[in-house]
């Protein structure tokens, strides 16, 4: 989908590097940059360290400018430049590349200018897998979450005004205004409790005790809502990833569609790079695997057997003596569906025909290996 | 249900404005009032700000008095004046309207009198959706919650007496009486931990450590009870809202009543104002919609198709290539039932006849659009 | 089961008063006693208050001694005196009755002697309903809870030793010994964070940050285990209370035993004293009731209808317009089974024969009432 | 599997002692050692205590060296010496045995050298039952946990840089560098809140309030993920332990395999040593037992009846008057499957044939005992 390009080599490079979400080099650069910014403000014990920090910062900045240019070019190539520039990633990339140079040009002191490099840490955010789930949770549970937030703010405000009225005469510095009392209230309601500002009057302390107990209640509700939502989202996310693959495994084809839905909820999808050892001989085994994508190699005495899409392995340990009988490693990038021992037992109990298939295959393999 | 009215125009206005729970103007007024009260006690840097604050406060007060008069009149019109005056909302409205004027008349200093405006924040409370659920949770789980509260108070009391006995000689100011030790105990048991009062003796510190660990335990129980209850209440609330609408969707009519109950638990109800974009072309789709109330408009190339009550849309993305194929917006205030992708898969797996209906409709629409 | 008694009148009184778990008088006495002990140590502003406190303390002590004597006599009467004396309740009663007099006789200062009255608060403990569930939870989940506790103590110990090594030279007062560092560690690991003792060295602060994050993790596990266990126990407790009653309601008799088990999980049991209003006319109704024990009275225009064991009421609001049509109050101590609206819908959907029975009865009652 | 041994007597001893995970003597030694290390740094009030501490430390060290030698020998005997030395347990044993002597030889002061004995506490870690489950939870939920951790670190870093910029001029000591601000941020985000370092500027305090609220959110997510995972792991662990035993109980043999899977989820496995009283006559009974391994003895008037593998007991209390009718104790080490009353009711409701079997057996036993 590229137009005829003025810089063909450059564009080939662009296409090669931007296929992935975030190159490993960018992760390294962000980590270096964050460490450098943290150390920037510490009085350098050694001038050499000082120069090392600034060198690292300039290197990271150069990398992020380079990465931004590449991404702009790639977006232009596939005709989605406005979408990219306005997206979260586009804004973060632009801020990461431009904020520090603009500040330096605007004659802000170098130490303050380089602190604007703190935006570099936002580049890792789109790559966090769980963030998408978190955003869905917050959107779906936004009603209850907002309710708890409003209760929190109401208690905060009422407690601040009450404490101001009760305490501002005896502690004019600490509770001299409602904003000052608000500072005490938010530290108490979140159970952080700095202790720099503390009520002295008996009635003020009673109100403070009520606020602390409310803080526990609000916190309990908030925790419960988020936790319940996140657990459900993780299961949902796993179901969607797995559904696509279950249909590729002929082993499940004999199940009715309702049973396939049940099995999908039991399976977990894992992605493995090549040459990863999945099973080691002699270890105790507590799950079996179905290959949705890719290929694995079974290390038997005297030969290596390859298993491809749709095959399963690891069942002998679940049926027999619990120890793995051979090493099994991936030969290509693979996606495997994992069926845990407990779910294996439940599945075999509910579908005796599947149980026969697996036991027959296990017997056949045991005989072959003698 | 209105009697013949002395002020017909006024009463028409009353009926028009009090239909809704809380007018948007009231929300704005409460927010302004709260901000003004917070800033009231800060020493004004600029006298102009000082006048601005008092102007805002007088405006909010005028609004709340006006709103109270309207509500009293409306309640009298429909013959429920005593019920209104005695209800939570009636008391809050009266306090919001009268507290500050009464205080000003009683010659309390303006700054303190206006702080009584803190009652204005209680006007938002009846409008919080989650509050009704929260009250049901607390009522239903009142047994376990009270038990945990009694355990909390028992530990509080015993720890206070113990620390008083152990510490009052070495720290006569901090632990000089059991109420003083109670202050330390409540700050510790809620893990707030101000640090203004801290045991010094070894045995006192051992008891303090035990109290801190108890605090975690009590807090864990409290959190768990509230969280479990709130999650169940949210599901219940959603079920009730959805049940009324499911019967209006002929698509579900062929299901037996038992299956309708299952489907109701899968659906979520959302309320949308007119001219809201529900689906954007090209986005990835992960749910489908059934129209319970209202109307939507599908933006197809060359024509606009209207879908009314009982129709469904959004299924093509779930069956096909995952991308939405057209923009769909509401034309009127609408209530939609949302079926998430995972539940869609489960529903289709368990009811193949529904699956056929949806696939047939999807095919028909795909052909129409060519 | 009483032997021939030396004091027949006294023993009749004993039998009459000790039938119940904790007389209301005892609750009042404990509350008075606790308040008196709390105020005991505050310097009396008015000597009259001082005498009032001591009067209250002597009255409570007299009551607890009297109650202990009665309970000893009752235990002897039914032949279970050793069991009573050795039980938790027996020991608490003895301590409550004897601790203060023994201390006063032993010439301990009155103020310290009366502080031994803190044992009086333990008398409420056996009466807490949720405590039995809590004890079951802790017993059943003792394995995981102990594991988390051991992890907690291990982290505590290692962190203390590490901080002692790192900080004892720069802060010899605060971190001068491992016990002092343990004090800091337990305040940090429980996230209480007094702040009286804080690491200064960079490595010490890094270890402190790790401890704080561990504290969150330990706390999360502890909370989760307790919360999950307590929720399960509450459901179990409700099931057991309800099972006994479901069999008395002929409405459920037509259900197979498996369906009875499901219905039992939906119902809640509530105990009501006589002359309690269960339903008020005009309120919105969201549950129906089955009478397991006792009797209620329906307040219809022109007559009052009594409903006894096995009858149900409240169903008309669930089937119709959601408003209660009459006041219903208990005439005797009653136990009712409550079926919530959502479960009512599910039950009717799954058992159409029950639905017909309820709708027929509702029609019959509606016609009778015209 | 032992080779011919140079020290046959020693090797017999070795085999006898290393069969179990952690001898009770080792637990005692670890506890003594930990207490001794804690007291080591406290200025000794009495020189005798000082000598007692060092004696205890030397004794523990001698024990741990002895235990390490035994384990090395045992590992060599069974031919797994390299695996042992490289395992966690092997490294901990070596550190426990060698760290202190090496430090003493290297002329480190005795007090600091003996502090290296803190590694002794790690010897209890492999023995914690819940630890295996905890590790599985962390591995399985590693995705969401890492996401929350990354969010935590991102908020931490951004808040630190922001507070440094806002506060370093007014509080050069407390917020003088980004690492100093990081110290404040981690104490606040974990809601520990020492209070030694607190923002003063208004904007700094607003950001601090936002950080505290974020801290609650992060903590809620973390708690929810861990708690959900741990609860699932406990159920899974119990299922696996129970599955092996259910097949040995002929009572369940008549159930289809699907029902056996359901029953397995209801049962709990408990391990009991000999001469343990399981049931006391007269207590209220709320569960029944199936014997998977071992033997119990029923204490009837006039005779003792032995029940072996596959038998069940405790059902009469569940069917009848709720009180246990006889004492039952174990005669050998036994594994029992416990079926709680609620699950008993559900099982009997769903499988009437099992209900008949149990009731017939209960009748037969009741008649025999007359």
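Letters A, B, C and D name the chains as they come in the text, with residue numbers starting at 1 for each one.
Quick note on the criterion: a contact is a pair of C-beta atoms (placed from the backbone, for glycine too) under 8 Å apart; a residue touches a chain by one contact, two chains touch by 3 or more.
Listed by chain with UniProt protein names: A, B, C, D = Voltage-gated potassium channel.
If you're wondering where the values come from, they're calculated on a predicted model, not measured in any experiment.
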For this session: Rounding to the nearest 5 degrees, give the angle of the rotation that lays the CA atoms of chain A over those of chain D.
Result: 90
Exercise. Taking shared residue numbers divided by all residue numbers at the interface, is the value for chain B and chain C over half (same) or under half (different)?
Worked result: different
For this session: Among the listed pairs C-D, B-D or A-C, choose the one whose interface is a repeat of A-B, with over half of the contact pairs the same by residue number.
Result: C-D
Exercise. Which chain's centre, taken as the mean of its Cα atoms, is farthest from the centre of chain A?
Worked result: C
For this session: Provide the C-alpha centroid distance between chain B and chain C, rounded to the nearest whole angstrom.
Result: 29
Problem set entry | Separation of chain A from chain C, taking each centre as the mean of its C-alpha atoms, in whole Å | 41
Seminar exercise, completed: Expected list for chain D, residues touching two or more other chains, is 179, 191-195, 219, 223-225, 227-228
For this session: Give every residue of chain B touching chain A within the complex, in rising order.
Result: 34, 37-43, 112, 115, 118, 121-122, 124-125, 128-131, 133-134, 179, 183, 186-187, 190-196, 219, 222-228, 230-231, 234, 268, 286, 340-342, 345-346, 348-350, 352
Seminar exercise, completed: Note: in the complex, chain C contacts chain D through residues 140-141, 143-144, 146-148, 150-151, 154, 157-158, 160-162, 164-165, 168, 176-179, 182, 188, 191-195, 198, 202, 205, 209, 212-213, 215-217, 219-221, 223-225, 227-228, 236, 239-240, 243, 257-258, 260-261, 264
Seminar exercise, completed: Listed in rising order, chain C residues that touch chain A in their complex are 191-195, 223
